[in-house]
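Chain naming follows the written order as A, B, C and D, and within any one chain the residues start at number 1.
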Amino acid sequence: MKRIAILTSGGDAPGMNAAVRAVARKAIFEGLEVYGVNYGFAGLVAGDIRRLDVADVGDIIQRGGTFLYSARYPEFATEEGQLKGIEQLKKFGIDGLVVIGGDGSYHGAMALTRHGFPAIGIPGTIDNDIPGTDYTIGFDTATNTVLESIDRIRDTATSHVRTFVIEVMGRNAGDIALWAGVAGGADDIIIPEHDFDMAEVAQRVKEGRDRGKKHCLIILAEGVKGGNEFAEELAEYGDFHTRVSILGHVVRGGSPTARDRVLASKFGAKAVELLLEGKGGLCVGMRNEEVVASDIIDTLENGKHQPDLSLYKLNKEISF
Amino acid sequence: MKRIAILTSGGDAPGMNAAVRAVARKAIFEGLEVYGVNYGFAGLVAGDIRRLDVADVGDIIQRGGTFLYSARYPEFATEEGQLKGIEQLKKFGIDGLVVIGGDGSYHGAMALTRHGFPAIGIPGTIDNDIPGTDYTIGFDTATNTVLESIDRIRDTATSHVRTFVIEVMGRNAGDIALWAGVAGGADDIIIPEHDFDMAEVAQRVKEGRDRGKKHCLIILAEGVKGGNEFAEELAEYGDFHTRVSILGHVVRGGSPTARDRVLASKFGAKAVELLLEGKGGLCVGMRNEEVVASDIIDTLENGKHQPDLSLYKLNKEISF
Amino acid sequence: MKRIAILTSGGDAPGMNAAVRAVARKAIFEGLEVYGVNYGFAGLVAGDIRRLDVADVGDIIQRGGTFLYSARYPEFATEEGQLKGIEQLKKFGIDGLVVIGGDGSYHGAMALTRHGFPAIGIPGTIDNDIPGTDYTIGFDTATNTVLESIDRIRDTATSHVRTFVIEVMGRNAGDIALWAGVAGGADDIIIPEHDFDMAEVAQRVKEGRDRGKKHCLIILAEGVKGGNEFAEELAEYGDFHTRVSILGHVVRGGSPTARDRVLASKFGAKAVELLLEGKGGLCVGMRNEEVVASDIIDTLENGKHQPDLSLYKLNKEISF
Amino acid sequence: MKRIAILTSGGDAPGMNAAVRAVARKAIFEGLEVYGVNYGFAGLVAGDIRRLDVADVGDIIQRGGTFLYSARYPEFATEEGQLKGIEQLKKFGIDGLVVIGGDGSYHGAMALTRHGFPAIGIPGTIDNDIPGTDYTIGFDTATNTVLESIDRIRDTATSHVRTFVIEVMGRNAGDIALWAGVAGGADDIIIPEHDFDMAEVAQRVKEGRDRGKKHCLIILAEGVKGGNEFAEELAEYGDFHTRVSILGHVVRGGSPTARDRVLASKFGAKAVELLLEGKGGLCVGMRNEEVVASDIIDTLENGKHQPDLSLYKLNKEISF
């Protein structure tokens, strides 16, 4: 192993830059040369590749987004695209690749490995929905950004004695909703991984109202349904002066939290260690406070991400 | 003048608490007794009034929202409601009222004054759309909250080379859009106070794209049209990978900025001074860095708020 | 178990209010009555105790500090003080106590349990220096606050090509320095748990400078030595245009992060569960992502907090 | 006028990058070529000058510090240095210079103009201590950063019933102390522009304490004396459980506020307009909400910055 490359793929997540920096610095520390691939797999196939030295990844640890850019590129699912990508890497004499992103990125890394090119996946997505790790890069930052919005909305909800349905990102996963909901003192949290009954939701709102509670906040994971649709259904059970707030792309950006930067740094260094050991086809993760690596195929095929459902029960018991 | 009361009305704005605190403290400093009215004019008519002492307004200067609560109350437009309100105030021996809020609040204050009860208006709304003042309480905070979101969205827009239409609050006024747009380096700012041509907007986006610019941000004041509608119309001129972000109630809350707290403190103290001078029917404002008072009727009838349109021209020249 | 009480003790930490809220709400959910003790053990001995109902702990989850106040009270080390405290609790019919704080608080809880009064300890301190748990309440928030300051100082260090020694809190523990240092991309991190050689520190600074690096940041845990003393010693090895920044009490306050609020909520609920099971003399903790309870005496006498030293090595490899 | 250059000088201030961007963009908009000078006057004399195009100043409006770097350079006070600087500018065919910084920068701009080279000064410093303008670039951001720290310290002061002396930057000016003090609800504000009597300060602290106030915050401008010295003198009047917090370089950095970015944008565009009109030897400013230009010699020799002392009186009346 003499030269490795890095790319970021899928939706951007805060901490991706910290991961790129860690991969590059660790590799340089170990005597490797490092290349950055722009625009994810699209750039890989197009050969949009540049050398990264120590200074190129300086002053980026605190930046949101990804300075390698990202792009959707469904064409990489074809063998033709994959072989073209490997060809480009070989042109630069690159022997290993680190891919930072969500499950789409993992599929790309898996394909390259199957073709004999060692690739390592690092879980980077705000949604926290990747198997093989307790936390993904960007989840902590996005959760805190959502929380800040919840805190702001509480001011306005309290001032006007209103109910707010706050729709939050997370694709099919309820992690952001769960964590931000518990942390925000939400009256109810609605996630894809747990049933809910609108009559009970309404009952909970009503009880808070009757007890003199000024605000009522319902955190709704986007994977369940849209905020406006939810609010309309809730309205059938009574007039709760409901407003809807949809927290969209705002929560993707921003400077990463300490935790996301530390996680990204650990993952990046680990990925380089694995390549140096001659390993490929693995994804790194954090499990029970330990950095681990697992087979990327097995993880994608048999792993299943589960949010911490104890938070769901906890919220029912302490937020009312 | 022995006793005065305060209420907040209309949409809540960050800094309202700082204004209530200033009114209460200044009044107590001058030897007056102070009362707080809950829930705006609705609470006034209902007699939801409580004594405020020094400590009651402690530790609130930094809080968003209004701890006196607010409410819509169209019934106060009737003479019956107004007289009932005055009756309630007299029950408590109250001789003067300070009303913090937007133009609805001013109309309430004007009505009370016409019935012989001295009332002073303080401009409190994030929209900055009140005549008689260069700035309203809450505008600076809301603008900075919007700006923080723009900065976050830029991360994601740059990472994915996307165009974002960001719809911001402001009712019929373009002030938030203008200030946050210039401060956010927006490619274009669309406000109710200035015509725009969609073909030119598209042209501007295209030129930036052609020059290699990674992100494109268009700030749209809600008073013009909805963000989704705007994006659809823009799409007729080309595919700019456009996403829409609607910054809603989130921007109403949050801890007020230094400027909003200072403005609120000055306004609050001035309002008490005016009542002590036996004056009513006035609204306070900041004009050319000076705290002023003007006739509330004249201000509402003849005054007209204009945003700083030099910002519109400036942005065309420096953000491209 | 019918009635329980809560107190906060030692230095305040962000998330203490979230823990108090969780204890109170969970207890009420389980049918218990809850009391809050003001000013820690001092207030306990003085009988400064009040009933807390659901609404009393509303709207505090997002607040820094502790609304039960805290105080140093060395007198609680005496048996007389302890017995007086138990007497006060019995006056209110209280059967169990939850103590939130650092190791001083644990000693208090241990003493009460030894006198037959069941007490449970919850680790609340920004320093993360309590055995029996991977994380204490407040650590994540303080680390992020320090990180925000590091990010700000980097702006100024870069603009003026300067070296900064940033002294951070943590008493005898290096956790805050380690996490914030790795997350901040610090050139060097100096902690009590690891030797350092000033000549090597200077060499590292010099190498960065020679490579054209604009800023140099050294994070220094207060447990090692003072920032000014450190800078003077560094100056003996060359003129690095060094400035010192001491981040003091600022990092204690502020709204808690999502993680601290979730941790506090879990800990609070667990403490109540333990009391309901008739247990006392335990402290709760988070170990390998699981909420655990351990004997408070054993934990204090045999447990030893160790920071994550893998971060020390990691930083040497990726921050240069 | 065909080519102009920009430099930043003196202590960095948030918003300097926004000003550089505005100068560059406005100049390019008007058909000029633009050059950036690195490291202030030191770089000018050394000829460290580079062409700036549209993209070079992209994505910097939100960044703290100055991407043109800054440096102290007393040698520019000599005629030799000044003539050398002009020589370097002429080598690049540059006809005009914009200098962003504090009064040292103004002196440099004045010297160049006296030698026949048109230079325009833009006030950029967090201290707000430049005559000829109501506000300098960076003041609003620094004030809000200080305010955030005050809000955090209040949490801890309240939790422990303590008095805090908070020393804030500002050189010989009390502006930051005044604005942040009023906005932070400080019990007392000590500034160079107003006498104070320690016995009265102590009396004010004592009265708050007697009234049951939990925290006491005294904001001290660094131009008066050091925080520790002040606290020792205060201690002679009683034990107020005083702690000292010195907010140092932390407040220089950080992303600029909306107001600072707008101010910087207006100033930058105005400076270019003046150069295009063939004017030099001027400094721009904001007076009574209007962008103005005044003679730089007259401003430095006869102008005198005064903070808004009405804030001092206001604080005595509403913060107790």
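Everything below uses one rule, namely that contacts are C-beta pairs under 8 Å (C-beta built on N, C-alpha and C of every residue); 3 or more make two chains touch, one makes a residue touch a chain.
Per UniProt, the chains are A, B, C, D = ATP-dependent 6-phosphofructokinase.
All figures in this text were calculated on a predicted structure; none of them were measured in a lab.
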{"item": "Chains contacting each of chain B and chain C, listed by label", "value": "A, D"}
{"item": "Distance from chain D to chain B - Cα centre to Cα centre, in angstrom", "value": "28"}
{"item": "Geometric centre distance via CA averages, chain D-chain C, whole Å", "value": "35"}
{"item": "Residues of chain B whose C-beta touches two or more other chains", "value": "151, 154, 158"}
{"item": "Pairs of chains found to touch, sorted by chain label", "value": "A-B, A-C, B-D, C-D"}
{"item": "Complex interface listing, chain D residues touching chain C", "value": "8, 11-12, 14, 63-66, 69-71, 145, 149, 151-156, 158-161, 164, 214, 243, 245-254"}
{"item": "Complex interface listing, chain D residues touching chain B", "value": "18, 21-22, 25-26, 29, 54-55, 58-59, 61-62, 134, 140, 143-144, 147, 151, 154, 158, 179-180, 182-185, 211-213, 255-259, 261-262, 265-266, 268-269, 288-290, 310-311, 314, 317-320"}
